[in-house]
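What follows is chain A paired twice: with chain B in the first complex and chain C in the second.
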Partner chain A sequence: MTSTLDRAAPRARAAQPGPRGRPWLYLVPLVLALGVWVYGPLLWTGVLSLLDWNLISPNPEFVGVDNFVAVFGRPETTNALVRTGYYVLGMLPFATVIPMTLAILLWRRPGRAADGYRALLFSPVVLAPVATAISWQFLLSPQQGLVNTVLSGVGLPAPNWLGDPRTALPVIVLVTAGKIVALNMLLFSAALAGVDRRAIDAARIDGATEWETTRFIVLPQMLRTIALLSALCVIVAGQWVFTNVAALTRGGPDGATDNIYYRLYTEGFDFFDAGSASALAVAITLALALLFGAAALWNRRRSRA
Partner chain B sequence: MNRIARSAGALLAALGLATVAACGGSSTDAGTASPTTPVELTFLGYSVGTPDLGGQAMQALIDEFQAQNPGITVKTQPVAVADVLTKLKADTAAGSPPDVAQIGWSKMAEAYADLPIAPVQELAGAEWADHVGGPTPIAPSLLEAVANEGVVKAMPFTMSVPTLYYNADLFRAAGLNPDTPPTSMAEIGAAAQAIARSGAAGTYIAAADVGKSDYLTQSLINTAGGSLVSPDGQVTVDGPEAVNALTQVQALTTSGAQPAISTADAITLFGSGRLGMLLASTGALASFEKASTGKFELRTAAFPTIDGKTAKPTYSGAGLAVLGDDKARQQAAWKFVKFMSTPQAYTTYAQKIGYLPLRPALANDPAYLKDYFAQNPRLLPALSQLDTVAPYQVFPGGQANRAVVVLQDEAVEPIVLRGADPTTTLKAAADKIRSLSTR
Partner chain C sequence: MRELRWHTTLLVTGLAVSFPLVWALLTSFRPQNAIFEIGPSPVSVANYVDAVTLFPIGRLLLNSFVTALGVTALQLLVAVLAAYAMLSLGARSLRWVLGAVTVSLVVPLQAMVIPQFLIATGLGWRDSYVGLIVPQLASCGLAVLLMWEHTRSIPKNLLGAAAIDGARPAETLWHLVLPQLRPGLGAVGILVFVTTWNEYLWPALIAPSPTNTTIQQGLALFNNQEGGNPGPLLAASVLACAPVLAVYAIFSRRITAAFLQAGRR
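Take a look at the complex of A and B:
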């Protein structure tokens, strides 16, 4: 590697005009890619949100904030917002407490068995999302799914899990949870790798119990990871459940499993309403930007104090 | 600095080229074709490119067309049925629509409004009368039903109407005679009760469609004497006929004759031999025939009457539309569309996919379907109703898609599956649809 660099160095130096221009040249590919694939479309979405246009007709009409008024005036949007909140609340334990507990348990008993369990627990992450959703559809089928067959076999009621507005959302959360638990367990394991086992050994010698070492040594070092994964959950819980909502319930029954991202998709691709969909996308982006701005500000104030 | 500018310029150019190449697609190779130069047509559809029998049969037809027309090759673009309109709109916006597209009838009004469709009847010119007429004409009632502004713009291609599938074994087990299947909603209710008493699930009327399509809802409302939209364009989906139709379906659920499950679950249940009757599209026939083989005796009956009124099922399925404005390509595309609507083509759709032969005389023609139907009579009840078939109705205004979802999600599903009050629920949905259509 070094020899390659050495050989390349004189030629590279000859090609460089000066130290000031060089960083810009290195940045060009990235800036271009970001411009074309991220900021360009973002800007374009902003423009679309102000137009009444089906993307094809030659005369787009400028309508100002009409799209925003229309989309937020619809009861479906309010419902989707509320449901997104439910998803975040429902998903939070599966993004934090449960994967952390599993990660700590596996970390405390290192060895071949722990590696085996870790691999098993991680497997949902690598399964194809739609295939997993379809499998759940078969398992949860009200008349002949395995779940209800077992339940009615032991004399319990057999609900229509995905067809009943009361059970549909919790079921979607549970079905999605497997993957999130697996992924976050991996992130907690990575964080645990940074914990010094000698501190725990020292505490044990001082007579600390397993619980006390976890509570006073391990947990405090997990706080940053917990905060990060909680924030991530708030932002993307609605996106995590998207595949399952699309494949299993399509936002129904009675809008019970809708959320703001699925609503965005519905506006755009079921109704071909580019204006409403773009307005919703812009509103989501702004709301998240504000949320992050506030969090960053709070963080800075706290670290100064 | 000069070098930087040059490298940056080269990079920009490379990226620009890549972008152009990605967006260009077939618009660059489309060009203008004269009849003597070879033409490559693109054919976008959801019945092509599938690995099942239907997809294979469709490809065999395309191969035969190419063999008969050496100057024309047909490149298929398979898409999922739900994505057809999205893909067509995106391709049109990018300037490269396919030459021929299979578009569902329920989406056709929107397609006419937004896509550069060249009406097939006009492309055919003098050939039209001969093609749709002849010894085995395309059903005139059908051509009338699909015409738009007096012209047939898309060629009837695949078409299905709802039919009553029933499990003859469950009929016998419930003490019913499978040779005299129910002909009215009332009789369906009575038979379903008997089947439910014998331990299986009674019936399922697939009004709460998986794809949020209102095609069975329309069939029920039409048959009850009502309509979605009145001739003068008023939304009439909360009329007494519509309320009556959905009340009768709801009564099946509340009486225990119909399980309160989704259509997808009902289809699986019927296929496994545990549901007595299923009112659903003939498009499911091939898969039910496969599922029932060796398991139960599958039979079909015509769409039921409601309160003695004639059954008026709505058709679903798709038409073939020609897109783009290049005259030579349009003519090549018409040749293809013509080939795909010959007696031979409709025979293939009926045998391999279970779509109705849209030239009904084929059913009695020994050269085509007579022998097949003698062996497989299950499409015949639906075919006998082709004369009373009602056109698919589209809600007025530019938000018809949204209106259909309101009707299905906020009225039909809660009424037929969850016991919502038919009168007030339909009224609320209709008011919402009216406010959409005036916007």
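Take a look at the complex of A and C:
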């Protein structure tokens, strides 16, 4: 990277490419932006997690770790944690296998048709999430929705998709899936750009089938991306579904579609319990920091080996 | 045969993921008493008329537009200045800046949102454009990283020569760096615009009233208020998607390229 260049040519400083003299002056907007809207709030969340406060009263009370004890003692929190795990498991195929298959299919036959399909498959990313949610809400409407009309037309049971605790979470996963498939398909396409097509042609000449070239030449080069996207899924699956949970079920029925991020939102802005919400936020941030630290360490060890 | 299978797989998946919007589009033009019926029906714009009269759709779209444009402009400004400054940072300070920016991208929005809300309301920014726009600088990290990728690929001797010729930093930035960044600015701009347009949580908190919020939160409010009245809601949903979809139809290649670059980070 640039670091070696910098060290190798200290005399080039006089003709350095960036602003001379006071480069930090140009960094002030960035420092302000992150300071005021990211790191400041993060610290403040840390402080709030130690207070008993309803967001309005003039004198919040210091309660130490009581918020953590209280919030993690609640069955709703345990439920939200478990559900977050379900979301991760449910989203995993849509974050890895399915987008990878689509990306490989598109990559196999480049051309106009592939470009067209790619544009179509990517469209969920640019669609307004609430609009898609509203559309689903009517498609899945228990009495009149298209889905149930078709199902009962062929003699299958017609469940109350969003109102039944057993079906609500899978439905949220499916509704969110389109967007994640689209985004990750693009990432797999990027990884595929690094695969040498000549190796495949050579294997074909030697009599390998399409499946064999995929299995033994393409797939091994996808492993890194699969690992990366699985890790990402574990970390952010709960955030991916947030808008759909808010728009379609509000965590219900009976907490069936809750997750830890939606729980935090509920504690803070439905119950005005800044302490509990912040305690959850601190716990989530610490957990994420640990996960990222572990991932970075694992990555470093792998690249050294 | 194999080619046919290829086409079927991709077409079916493509239709499946775009189905909700296609259905909303077709259904929104049905007469209101035939929303849930199957089969052909006369075309009617009654749902659109209702959507526009029952809810300030125009105003909401304008709000979304101003917000997305404002956030895009602000983030690009911060990103260009920062990316330019990063060119002359030493290796160690550079690592610090990149680290701080990357971490800011990983922190979940929900973990910062209460203090952000307190700061913004404390400044009297509730239900205002400033309130909708400025705090969304929190997500400027991505724009900074992407702009940095662009500035560091500008030939170093070009900028070095300008410095030797005695050009002041501001002049170099304006006359040399910015023209080089134009394609990058476009791509990052589109990315920020689309993400801001589709943002849900922050507008819901800072601008909760139906005339001052963005189309996303507006749709959610409209849904609570008119939940039993599907026709106008679907029409409103179509209208909410239309602007971004139009931009996408024109620039689809550039947009996928922009998201691709962002995803690589």
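Descriptive notes on the structure:
One rule holds in what follows: the second predicted complex is superposed on the first by the 272 of 305 C-alpha atoms of A that agree within 3 Å, B and C clash if a C-alpha of one lies under 4 Å from a C-alpha of the other, contacts with A are read in each partner's own complex, and residues count from 1 in each chain.
Just so it is clear, a contact is a pair of C-beta atoms (placed from the backbone, for glycine too) under 8 Å apart; a residue touches a chain by one contact, two chains touch by 3 or more.
Model, not experiment: these values are computed from the prediction.
In the superposed model, A:Thr209 lies in contact with neither chain B nor chain C. Once the two complexes are laid over each other on the shared chain, residue contacts for A:Arg108 go to chain C alone; chain B is not touched. By the touch criterion stated above, A:Arg250 is placed in contact with chain B alone, chain C being left untouched. Of the two partner chains, chain C is the only one that A:Tyr117 touches; chain B does not reach it. Between chain B and chain C, the partner in contact with more residues of chain A is C.
In the superposition on chain A, contact of A:Thr78 is made with neither chain B nor chain C.
Once the two complexes are overlaid on the shared chain, A:Asn299 sits clear of chain B and of chain C alike. When both complexes are overlaid on chain A, the residue A:Ser57 reaches chain B alone and has no touch with chain C.
Using the contact criterion defined above for the overlaid structures, shared-chain residue A:Ser152 touches neither chain B nor chain C, since it reaches no partner. Using the contact criterion defined above for the overlaid structures, shared-chain residue A:Phe271 touches chain B, although it does not reach chain C.
Residue overlap on chain A between its contacts with chain B in one complex and with chain C in the other: 15-18, 21, 24-25, 29, 36, 55, 137, 141, 144, 269.
By the touch criterion stated above, chain A contacts chain B in their complex at residues 15-18, 21, 24-25, 28-29, 32, 36, 54-57, 137, 141-144, 160, 162-163, 165, 250, 252-255, 266, 269-273. Interface residues of chain C facing chain A in the complex, by the touch rule stated above, are 2-3, 6-7, 9-11, 13-18, 20-21, 23-24, 27, 35-36, 38, 77-79, 81-82, 84-91, 94-95, 97, 100-101, 104, 106-116, 118-119, 134-135, 137-138, 140-141, 144, 152, 154, 156, 159-161, 163-164, 169-170, 172-173, 194, 197-198, 200-201, 204-205, 215-217, 219-220, 223, 230, 233-234, 236-238, 240-241, 244-245, 247-248, 252-253, 255-256, 259-260, 263-264. Against chain A, the residues of chain B that register as touching in their complex are 1-4, 7-8, 11-12, 15, 19, 85-86, 89-90, 92-93, 110, 114-115, 201, 212, 259-262, 264-265, 268-269, 272, 274, 399, 401-402, 405, 409-410, 413-414, 417-418.
By the touch rule above, chain A contacts chain C in their complex via residues 2-3, 6-7, 12, 14-21, 23-27, 29-30, 33-34, 36-42, 44-45, 48, 55, 102, 105-106, 108-109, 113-115, 117-132, 134-139, 141, 144-146, 149, 178, 181-183, 186-187, 189-190, 210, 236, 239, 242-243, 246-247, 261, 264-265, 268-269, 274, 277-278, 281-282, 284-285, 288, 292.
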